[in-house]
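Heads up, there are several structures right after this.
Across the two complexes that follow, chain A remains constant while its partner is chain B and subsequently chain C.
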Partner chain A sequence: MPVVPFDQALPHRIVIASDLHAARQVEEQVLRLTEAKGYSKECAFAIRLSLEEALVNAHRHGNRCDAAKKITVSFRIDRRRAVIRVSDEGSGFDPCCVPDPTCPERICLPNGRGIMLMRSYLDEVTYSPRGNEVQLVKERC
Partner chain B sequence: MAGTPDPLPLTDFQMAVEQKGEAAVVRLTGAVHMEVCDQLQKELLRLVDRPTRTLILDMSQLTFICSLGLGALVAAYVRSRRQKGAVRVVSPDPAIRAMLEVTKLVQIFPPYESVDTALAGP
Partner chain C sequence: MVDEQQPKLRIRRQGKVNVVELEDRKILEELLIAQLGEQLGSLVDAEAEPRLVLDFKKVEHLSSAALGILITLDKQVKGRRGKLALANIQPQIYEVFKITRLNKLFSIQDTADAAVQALA
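Up next is the complex of A and B:
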């Protein structure tokens, strides 16, 4: 059970075209909020890395790099924790089916590390039942 | 993660290449973010395809790298190995070193302390 239910609205919501430059601007906005709320550099690094992975996955795998499609980012950054949701217009996927990128036979593959990094750096990574929305939670530190 | 670089501002990425004998030393500066990973991979593969036996990646000024950036390094490593070459990383900051450990990429990129020790390798 996620610490924040998926149906609970978050105060900030930004809809962007599926475009990496636009995605970076959202990333910067979120990071400025973490800075304003006094999150440590380590915490901000973890949020930046995970948000970047979620945005890239939404653009590449969810929206198949189609700039006509949208990415929606919702977030709440308060003094307790950061909660960020990233959704795309794709058909979703089953996160349980993603292979371990650290196993010897996959270590030399160039991709497949994004979800593992998010799970390593965050307190919680949860997917919607359809699998086209991810919720990232990082407790403030 | 003492010494983690400040993630703001979102610094631009730069790379500079210096040829040292049969090695190319690539100094990476700033952040390898989602917008520059394709460019990075293209440049690294271009260098590996030249008669460069060893590619040295100086990460001492690198503040951030995403998984696509790590993928670019891996792609260069795989192509280089096929050509009997090597890719070595130098002085990643603690946050990036931790990423190499979490992903177990430290197995193929054990960090060197300096460009000179990386040049002397293995």
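Up next is the complex of A and C:
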């Protein structure tokens, strides 16, 4: 059972065009909040890395790099934890079907490591039933 | 908006080895990563048996897309019977290599000098 339910309202919501430059500005906004709330450098590193991967996945795999589509980022950064949701307009995917990028036949492939990194660095990574929205949770440390 | 940021590289020759210092603190931008791949690829293509050290001393953040470029570069180097080594990787970044098990794929040395020695 996830610590943060997927239907819990989050105070900040930003809708951007599916564009990595715009995505990076949201990333910086989130990181400024973590800094203001006293998150450690290691914690901020984990959040930046994971949010970057989630935004790139939303743009590239979800919205197929279509700038006419939108990415929605909702978040709450408080003194206990960071909760960030990233959704795209794609048809979604089944996260259980993503192959292990460290297996011998995939280790030399140039892509497919984003979800693994998110899961390694965060306390929770959950997907909506449709699979077009991911929720990232990192306890403050 | 078009991002016109160019990857910053400082290249020096040490014997038969090109040592490339990555000057960017963050290797995240898709365009920057693509350009980095092109620039490093050109360096590899310019030599018959390229020997290349990438110095990560200044790098504090990188994405999985940057890892992808390194894998592609490694294939290019090996395709020309060359050698690639990575050096000066900060602990937080090294953890990314460990998680993805790419620390087993790449030759990773503590210092640029050690990496040059490893390629000798």
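By our rule, the second predicted complex is superposed on the first by the 141 of 141 C-alpha atoms of A that agree within 3 Å, B and C clash if a C-alpha of one lies under 4 Å from a C-alpha of the other, contacts with A are read in each partner's own complex, and residues count from 1 in each chain.
Simple rule for what comes next: a residue touches a chain if its C-beta (ideal position, glycine included) is under 8 Å from a C-beta of that chain, and two chains touch if they have at least 3 such contacts.
Note that the coordinates shown come from a computational prediction; the quantities given were computed from them, not determined experimentally.
Chemist: Will chain C clash with chain B on chain A after the two structures are superposed, or do they fit?
Modeler: clash
Chemist: Is A:E28 contacted by the first partner chain B, the second partner chain C, both or neither?
Modeler: Touch status of A:E28: first partner only.
Chemist: Examine A:L20 and indicate which partner it touches, taking first as chain B and second as chain C; both and neither are also allowed.
Modeler: both
Chemist: Touching A:E139 in the superposition: chain B (first), chain C (second), both, neither?
Modeler: A:E139: touches no partner chain.
Chemist: Chain A residues touched by both chain B and chain C?
Modeler: 20-21, 24, 42, 45, 48-49, 52-53, 56, 101-102, 107-111, 113-114, 116-117, 120
Chemist: Which residues of chain A touch chain C in the complex?
Modeler: These residues of chain A touch chain C: 19-22, 24, 42, 45, 48-49, 52-53, 56, 101-102, 107-114, 116-117, 120.
Chemist: Along chain C, where are the residues that touch chain A in the complex?
Modeler: 1, 3, 28-30, 60-61, 63-65, 67-69, 71-72, 75, 92, 96, 99-102, 104-105
Chemist: Which stretch or stretches of chain B touch chain A in the complex?
Modeler: Those in contact with chain A are residues 1, 4-10, 33-35, 41, 64, 66-68, 70-72, 74-75, 77-78, 95, 99, 102-105, 107-108.
Chemist: Can you list the chain A residues touching chain B in their complex?
Modeler: For chain A paired with chain B, touching residues are 20-21, 23-24, 27-28, 31-32, 35, 41-42, 44-45, 48-49, 52-53, 55-56, 101-102, 107-111, 113-114, 116-117, 120.
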